[in-house]
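Note that chain A is present in both complexes that follow, paired respectively with chain B and with chain C.
Moving on to the complex of A and B:
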């Protein structure tokens, strides 16, 4: 909707931004063809999860924090279990870590398949929604639903439920799946890998606007594998690297007036977490097949064009299927599902790579395991500043487009992030003001 | 009409107050009809597209919010023969399910893919709360009415005691 201002300028008002989850507002102000102000307004009231956790037992965060989001609950469970185990001085078994990684593969598959095809692809193919897209790209949508189902099934077998898994605890799991249960998933996972590799090729054919991100890419790093359920270090594209335990001294949250979600800086500067950061910081840890697929799709070993995040997500989707198959093929029955974790006073951090970027939790507990302090830092809140930066860049770069096209381009710039705004908001009201 | 062609789906989160009505009614139908009709539950609306594919009729039980009194039971028709549902509010607001995809989105996506059952009867139970916890008292008092509504639809589809479905519930 376009409104004429008294000074001759214009306000473009999009009541709802489709294909994201969450509520927020966007204000873009243009004067004399110059973008003078951009704000991502997150106005949903704070959800007080960190407050809820104080006074609760150290065993409760995996179940409580999983409820923060229906699409990335495993990210919260992984970060919280790792933090508590770190505080309590417990190291779990390789089998437990494998199963955590397998569960996380399910979440990546669910989340990436949903965003790639049902939320993001319509932007490139010129449709308002996946429903419209299905009328002419039925095979693609059916493939997307197959992929999503494979992720859901994996989550159900390992986590007990497709949404908000209930099988995760501090120290491991309540029950380990059997070889027979996991092997039952294999046919769909094999087909999923083929589908995902085909998807890399498919999305590589989309037209991508030219745009480059310049800020620091931050992600986890593990010596053995591409970052997923945990890392040992935090690495940044500017060469900075440090143990995960030190993350709170490098990332500082702060409040801005126009958002109820805290912004954050990395060593005092703007940064980005998410698939592009993981890919660019850890390309060497992808499988050779995924590396080849990425390069064949036209990506370099780093990717700075946020619109091409859809290709990177497809590469990561294929990788998640590969990892799931690898873990299932190596699985044997009889592993203890958990290790005992006795409380001890202390403070610690856990971090994992949610589908949309690094998430970290910091807790302090007393000798009885009662939580005295909690800090939860999800990826979308960390990315608010870079979203605003991308919007400023996009609005300025395409300032001469008509209002409708510019507005749509700005919406696309937001969807590049796959924002899990439900962690902070539920509604996006996009306004572009011109004069 | 074979009972094999019909499926009952309870939709919703069992943890979130009246959103559990889908699962509660599905359990009652499963107990009442035994193996005579396929009964399953889903939390993720995107899973509906696969779940009802290939069926002639589906009965979906879900919590709804329409401004009526909590516990009110309504049956809405949304199959291939019924007019399209207004999907915009579901697909755009994010209130319809994980990542902005709800029941209406699943119906219309199936319609676009030409996999929508001929009949989709939505048994909607007006919700009073979606807060973490159990069913509200008004909804709990109308469980029987919701079960009866599902049974009515099944009767219309000719589900008789002697018919039998031996296949396991689909994932």
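Moving on to the complex of A and C:
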């Protein structure tokens, strides 16, 4: 929608940005063909998790914080269990870690499949929704639904259900799935891997706007594995690296008036978390098949074009299927589902790689295990500054496009992030002002 | 209600104008219940052929003006603006169904109802004056008439499809109101409080999840809210006998359905030492 301002300028207004998880607003102001102001307004009502977690027990965050987000509950469960185990001085077993990674593969699969095909691909193929897309791209949509279902099925077997899994606890799981249950998933996971590799090829053929960004990429790093359910270090593309336990001294949150989600800085500057950061910081840890698929799709070992995040998500989707199959094939019955975790007073951090990027929790508990302080830092809130930076770049780069096309391009620049505004808090109301 | 009763995907669905218009609305929530619609992978295309998805921002940029024959509402009311918005939605909706614990009982964010919200604001935000928020999180039915309330944190997708099918066929949804215990018996589960001494909210919680937690060896934690004749006094006594401290009993009643009247009364009773 376009209308003229009294001073001769123009306002482009999209009531609500669609195909993102949650609701937020966008304000772009253009004067004399120069973008002078960009704001991502997040006015999702706050739910005060960090407030009501005080006074709860150290065993409760996996169930409670899962409810921050219906799309990535496992990200919250993983970060909170790790934080509590760190505080209580407990190390879990390799089998428990494998099962956590397997559950997390399910979440990456369902979340990436949802975003790639249902939220993001319609931008490239020129549709309003995946349902519209089904009329002409029936096979692609069927593949998308199959991929997503494979992820949800995996989560149901390991976690009990796909949204807010019930089987996760501090110390491990309530019950380990059996070899027979896991092997039952194998045919769909094999097909999923083939589909995901085909998806890499498919999306590589989309038409991508040229845009290169230089912000600092931040992600977790594990000595052995591509970062997923945990890492030992935080690494940045500028060469900075430090143990996960020190994350709170590098990342600082602050409150700005136009957003109910806290902004954040990394060593005082803007940074980016998410698939592009993981891929570029840890390309060496992808499997050779995924590396080859990425290179064949035209990616280099780093990717600096946010519009190409859809290709990187497809590569990670394939990787998640490979990892799921690897863990399932190595699984044996009889592992204890959990280790005991007795409370002790202290403070600690847990971090994992949510589908949208690094998430970290910090808790302080007393000797009885009662939470005294909680801090939860999800990916989308950390990315607010880089989203605004991309919007500024996009609006300036394509300032001569007509209002309708520019508005759509700006929406796409936001959807590149797969933003989860429920996580960050939520309402996107896109406004471009011109004069 | 409009009767468009395709059971299966058809090659030539009715034109959009002949199908009832569906709108999906969000208030304070995690998106999980509306995601349950997209998680109906086997049924999604059939659903889209039987209703006209007219407003569903999470799934589509297209917006079709109301009125809407069916509105699904996720989330609870926590801001002054949302109090007004839910009345506008009610006015343009034929049938209004709430989906999930937030919309039906206020959700986990209803824990603010038991606390000082000013303190919460200052714990989370450096500038509480930027926020517009109410002191309570309340269910949709506290503000407008609701035609049906679907329970769950999250809702069960089979129950969600049953609600859609019932709407399309002009009948009442067949959703059980008995307890999780019945589901455990039907599945042949071991009773976790009796066999292992594990505290379990199953006796006072409405069925719908398929007794998931007991199937995984843990006690039910009440995602579907109170069943229709919940005897919380008796359960509180049993939880005490299983060795739970009062503070822990208060916490188990105060989670995702903390604001449901039966659970709220039960937690308050434990806190004050009386019966609910």
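What we mean here is this: the second predicted complex is superposed on the first by the 432 of 435 C-alpha atoms of A that agree within 3 Å, B and C clash if a C-alpha of one lies under 4 Å from a C-alpha of the other, contacts with A are read in each partner's own complex, and residues count from 1 in each chain.
Note that a contact is a pair of C-beta atoms (placed from the backbone, for glycine too) under 8 Å apart; a residue touches a chain by one contact, two chains touch by 3 or more.
Just so it is clear, the model here is predicted, and its values are computed rather than measured.
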Q. Just from the overlay, do chain B and chain C fit on chain A, or is there a clash?
A. clash
Q) Should A:70 be classified as contacting the first partner (chain B), the second (chain C), both, or neither? A) both
Q | First, second, both or neither for A:130, with chain B first and chain C second | A | both
(Q) Per the contact definition in the header, classify A:118: touching chain B only (first), chain C only (second), both, or neither. (A) both
Q) When the two structures are overlaid on chain A, which partner does A:149 contact: first (chain B), second (chain C), both, or neither? A) both
**Q.** Which superposed partner A:56 touches (first chain B, second chain C, both, neither)
**A.** second
Q. After superposition on the shared chain, which partner residues are touched by A:163: those of chain B (first), chain C (second), both, or neither?
A. both
(Q) Under the stated touch criterion, which partner chain does A:255 make contact with: chain B (first), chain C (second), both, or neither? (A) second
Q. Taking the two structures together, which residues of chain A meet both chain B and chain C?
A. 16-23, 67, 70-71, 114, 118, 129-132, 134, 141, 145, 148-149, 152, 161-164, 422, 426
Q. In their shared complex, at which residues does chain B touch chain A?
A. 13, 15, 43-44, 46-47, 49-50, 87, 91-95, 97-101, 105, 108-109, 112-114, 132, 171
Q. Once bound in the complex, which stretches of chain A touch chain B?
A. 16-23, 67, 70-71, 114-115, 118-119, 129-132, 134-135, 138, 141-142, 145, 148-149, 152-153, 156, 161-164, 421-422, 426-427
Q: Spell out the part of chain A that touches chain C in their complex, as residue ranges.
A: 15-23, 43-52, 54, 56-57, 60, 63-64, 67-71, 73, 110, 114, 118, 122, 128-132, 134, 141, 145-146, 148-149, 152, 160-164, 166-167, 169, 174-175, 254-255, 257, 260, 262, 411, 420, 422, 426
(Q) So in the complex, the part of chain C that touches chain A is made up of which residues? (A) 26-36, 38-39, 41-42, 44-45, 48, 53, 57-63, 78-79, 82, 107-109, 111-112, 115, 117, 119-121, 123-127, 130-133, 137, 153-154, 209, 212-213, 215-218, 221, 223, 248, 251, 255-256
